[in-house]
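You will see two complexes here that share subunit A, one where it goes with subunit B and one where it goes with subunit C.
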Partner chain A sequence: MSAETGSLYIWYFKVYVRKLIKTWDNKDKVIEDIYNNGYLPPGAIMQDRLEKTLQQFLGNSASRIIKTGQDILMEVDQEVLEPVLTEFISNPEISLTVLKGLSSGGSSAGSKEAGSMIADITGKNISFSLFLKVRLREGQTNKNQAAILSLLAQSYRRAGFCLADHGPENKLDPGAGTYNQVIGFDGFDIKLSLEDEIINTVFIDTSPARIIKSDFFYDLDIDQLIAYMGRFDYNAGIFGELVFCQAVEELLQLEIPKRAKYIRMLMSELFRMINHLEYISNISNILDYDIARNLALLEKEKILRTTEIITGARVIPNYMRIGGVKADIGSDILKKLKRQLPLMYKKIKRIENILVRDFVLVERTTNIGTITKQLAAEFGISGPNLRASGSRYDRRKENDYLSYGDLHFTVPYGRKGDCLERISIRFAEIYQSIKIIGQVVSKIPMGPVIKKINLLHLDLNLSAFASSVECPHGEMKIFGELEGKTLQSLAVFGPSKSSLSLAGTLLEGSSFEDIRLIIASLDISGGELMEYCY
Partner chain B sequence: MLLILKKTIYILIIVALNLYVCTYLVSKLSSRMELRRGYRMTRVGGIGFPAIRFLSYLGKKANMNIWIFLLFIFSLLIWTVAPISPNLVLVDMDSSLMAAILFIIIIIVLNLASQLTTRYRLIMGEVSRKMIMVLSLTIPIFLSIVSIMLVNRSFGFKEIVSLQHVYWNIVYQPLGFIICLVSIVLMLKIFRLNKNGVPGAAGFGEHEGNGISRMIMKFSEYTIVTFLIYMTVLLYLGGYKNLFFIKGEIMLGIKFYTVFIFSLFAGKALGNIEDYRLFFRINFKFLIPLALINFAVTLGFFIARNIYGLL
Partner chain C sequence: MAPNIEKSNLNIIVPGFGCCKGEILTTRGPLYDIQRFGINFVNIAEDADILIITGFSSEEGVKRAKDIYLRMNKPKWVFAVGSCAIGEGRFCGGTEHLNKFKRDIKIDMFIPGCPPRPEAFIYGILRFMSEN
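And now, the complex of A and B:
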């Protein structure tokens, strides 16, 4: 072998080694990117496409169209709202036909703006939202809001409910005497007129829930606000905190530790179970199944005690933090939880057998309060209520937030969309939650539970943040704007509002004996109805 | 005259005591099944809970009318026809069973009459709806009672009880007993006796009637249920017949409370049937046909035995 050939071999070897090292580096980078969600999420391509389309068609009308987290924010003035909405509906390339939520912008006392309204609009096959922020004209806020609502009501059926609720001219006179008022609901009243015990017209008044003033978050730092977010869904307090923390983390591009993600999933599922068990106990109470009600409450109490040990609170946990969670969970609690799971499954199965196999309940709940797929889409229903009507949509699968992608679980769905289906879906979701908790407990990695950041030096330009989670009632969204350290606006789009807007339609034509059952089967949380600034 | 007064006082004391114990049992059983081991009120009141409840009714404003007054009278009068022991009966007549049926119907009709107008402008108020359901539930019970009359060939309580010295009537009429028991359980569910202050299916309910008038209505509801249980015990389970060395009166109490507690527990496991459609499906497609079959079979045996002398 000549010296030339030898050097050639050496050269080949060097090239090979370099190549190998390069690939190895890349591999690491790929793994790192996957871990840090460096790759685009599945909906990002659609999001890009919609953003460009909106820029192309409505770029002149809107003052800004930007991405906020995994959603899009479009800001328009009140004057140009009508052509914008027409374009949303009529343009096949945009096709934003579903109004999911509507909220006041809630400008804080220190805000520079006069006021605004934020609409959460989406399409039928889109998994993200367009937040349409409408800046109000100078002058009377209430009048301007009513004008916007009437414009929205022309395009979206869901807005009709808000118009009847908020619009001054459509309000029924409670003293007229022809309407009966049904009391005992959290956060809203129902007034209805009857004809032969069949409900003729329904008016749902959510004014009892409008209790928070515009300075709800005035003078509070964002980390202080977490404790208040739980109040937006007091049946499952963790989700308000989670969605808020997630949104801020997304804005700050903060990657939280893996253990914190797992703990968040664990807590979410525990609170989901708590909410569903509360739902079952409510239904049992209305249908007078005392044994089932007591068993459901007993199971709920057991889970509440676990959450109390972990978080220190039962209703509003104040457990989430920006960058992770407040405290770690001890291994003894996890072991105990794992031991309890099979027993919990057995007991909940027993409750299901008592309830769902009973012919009285089946007869009572079949074909009552039926939500069809189309109706659910029109009113922007989400969560178990949507899944009961036949759509297999779950934010945990679609968005893959936290680490739900690592776990195996199925999304239960029904067909008919009646009360019975909605009850059965809750049971199926509890079983899936038990399955998820089992996996979380066995897979939970070691490590820190919070990425500590100093929020004191936070100095941001006006920037919007948005996020969404799958809460037990449906899809909970948050939208806000942050400048410096202070919040400029905050809107929480709870799924219960959509469900309540549909309740009126469901009640019309049904028997007055079914009012409580239909409302309870929709699982409306009074906290989510909270609004300010109207 | 003194004897009648003595009997009246005895019967009144027994009825009042039973009412007290029944109310206590209802609240205690419900509270024992609750998660926190009892409603707070029950724990505070303890054995005196029914008395506290009675006082709480008195403290409210009431709209009395003539129907409420009559309701109270008839709810007491019904106990005059049923024998508590062979000697302790105020009106001893041959057709006491017929009188009892008549009294039950009168109580239900009076309940209806007192609540025909509602403040909610519905066709019927919550109480009226309940009472109409109860009225239709009495149909299978009365059909079963007629079958008992055919078996024993008598209209009187005392005679029917005395005829059960060998076998209780439950042996001859098991289906009739089941029908009576199911109807009583359903009545308990309809009256919602174990749920104080809980609004009805549509959230109206408990606002109708307050104070002493509400108390009298509640008393009449208790009377209907307890009297029907008492009647079932007399007609099917041998009534105040001695069992070996145990005295008849004690046996009567044991039987009465066994059936009462059983009905309470059965009611806990069942869902409510306040829904009209469902209720009529259960009653008219299950209970009444079953009662008719029972009656037809009994009638067949009666004709074969008494007219043709076959059996």
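And now, the complex of A and C:
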């Protein structure tokens, strides 16, 4: 064989291999696409369909029905609320049967409106939510709010909790035993009556958490507001900032750089680990496992050190910006982080061995505070508490909101839904977070970390923005309205409030000594309970 | 009025909630270990020597904190911790919030920061002990 034909053969071979690689890549992509679409119903089509049906049935009574981000906004007056709610429940084509959150949206000091109330409503097979904004009648805000709540409570069981909480006349008489605690419960009181150490009636009062002035955001720019958003979930401060920045970016249709996306994922996983380790230390403190508590706190402090090096602050980072993040991460920090990961895994595994494999703890926590799948769906619970009760729902898989689609991780879930399941799911989530951090550190691309835009000349018509992220307590949502440069309303829907609303039904019938254990196992963050005061 | 604080131990009560409270309570952990200075956290007002005021409190929270102060035994001191309480906070009305306390209560120590680091809290308490 001559040299020429030999080289020709080699050339043919190279082309053939290239073709093979190309087809193989395409195959992978096709399979991935099918998998992603087959995993859950595509949200955009459902959103379109629901918007059209709402226009058809309720177009006359609502003043506007528009898309906001991946959700829908519907604005109604207080007078027409009752027929709208009956239509929501009775009409099989709409079937919005789950109330996830309630908030008074606040009001800017310059606006003439009497105030509003915003409800976050979803259905059982819908991945997005409908924000129902109810404009209040002129007059006393508190009385109008109580009237709306009593209407909502007729169709949604979850609203009954808020009704007992808001209305001054509906306050339950605590009777024989009252139980107010200073340290331990953050932002709420529990009042209950007992009979032979078994709880009869429970009343949860979140009025201590109603602290925010209703116009606190009025003369702030959007940039300045980011620093305050971390306080809405101070146990894991990054998520409030993340959800706010993400919502505004969606409104401005801003695509952030890929490195910024990766840094955001890294930070959110680090803060998820911090929150879960705090949770484990709380639980082991209640059950008197001092070694586990100390080990968990030490591990938490180590992670806080790295977040402090990156962001400059310990718990409330003020690190996110609209269009990216504040500062870049050096390569030496990433290398150090990658070196620490196996050791971190080992140490957390050791804590798990101390706690979960001890039969005393297992006996103490099984069949206590059990949340069934139905109950969880009815009260709109999300996050690890939902996953412990048997449904595999994670916003990171579902929505694919940062670059979580590029990474490999599983969503751990349990079956029983009792305290032990909730504890062990936290451990499993920490391991998944370690796995994600390892992938992020090895895959992180080079490039800019922020897309700089000038927000000084922002001039928008009245437009709403909404977004949601998977924070360590559950699914955190935000809703707001912008006009020009100033915010008109802002509502943060924390997942802790819906898990607290369930706590009342869990506590009834359980014994007095389990109160702290059940409430600590639900992982309630005080920052998410914060509400506007009028 | 001023007893020798260095010889006795101090009991602290932290009502309310918020990020400041979280950071104060991390000093109980193994890394900061505030108990080596003889400082403990208590739940009952009668046992406490120091009341800590944070910014995250509604009007009911202010009323409760004042109630706790009245129930505490003498000698008793009050610390204001965090930017919200000291008067830059936006959530709870800035300086108005502190004035609600100042009418009735004398505040002995201000610890700034948003939230203050655990080291800052320990430094504040040690300095208070050395001054008295």
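Odds and ends about this structure:
Following the convention adopted for this analysis, the second predicted complex is superposed on the first by the 478 of 534 C-alpha atoms of A that agree within 3 Å, B and C clash if a C-alpha of one lies under 4 Å from a C-alpha of the other, contacts with A are read in each partner's own complex, and residues count from 1 in each chain.
Simple rule for what comes next: a residue touches a chain if its C-beta (ideal position, glycine included) is under 8 Å from a C-beta of that chain, and two chains touch if they have at least 3 such contacts.
It should be emphasised that the depicted structure is a prediction, and the values quoted were computed from it without experimental measurement.
Legend: residue contacts after superposition of the two complexes on their common chain; A:291 is shown touching subunit B, with no touch to subunit C. After overlaying the two complexes on the shared chain, residue contacts for A:361 are found with subunit B alone; subunit C is out of touch. In the overlay built on the shared chain, the residue A:228 is in contact with subunit C alone; subunit B does not reach it.
By the touch criterion defined above, A:459 reaches neither subunit B nor subunit C.
Judged by the touch definition given at the top, the superposed model places A:513 against subunit B, while subunit C stays out of reach. By the touch criterion defined above, A:208 lies against subunit C but remains apart from subunit B after alignment on the C-alpha atoms of chain A.
Once chain A of one complex is fitted onto chain A of the other, the partner contacts of A:526 are limited to subunit C, with no touch recorded for subunit B. In the superposition on chain A, A:138 makes contact with neither subunit B nor subunit C.
Of the two partner chains, subunit C is the only one that A:316 touches; subunit B does not reach it.
Comparing which residues of subunit A touch subunit B with which touch subunit C, the overlap comprises 182-184, 294, 297-298, 301. Within the complex formed with subunit C, the residues of subunit A that make contact are 181-184, 186-187, 207-213, 216, 220, 228, 231, 234-235, 237, 281, 294, 297-298, 301, 314-316, 526-527, 530, 533. Subunit A contributes residues 178, 180, 182-184, 194, 196-197, 286-291, 294, 297-298, 301, 354, 358, 360-361, 363-364, 511-517 to its touches with subunit B in the complex.
Contact residues on subunit B toward subunit A in their complex (touch as defined above): 30, 33-35, 120-123, 189, 192, 194-195, 199, 201-204, 267-276, 278, 281-282. Across the complex, subunit C meets subunit A through its residues 13-19, 21-23, 25-26, 29-31, 41, 43, 45, 56-61, 64, 68, 90-93, 114-115, 117.
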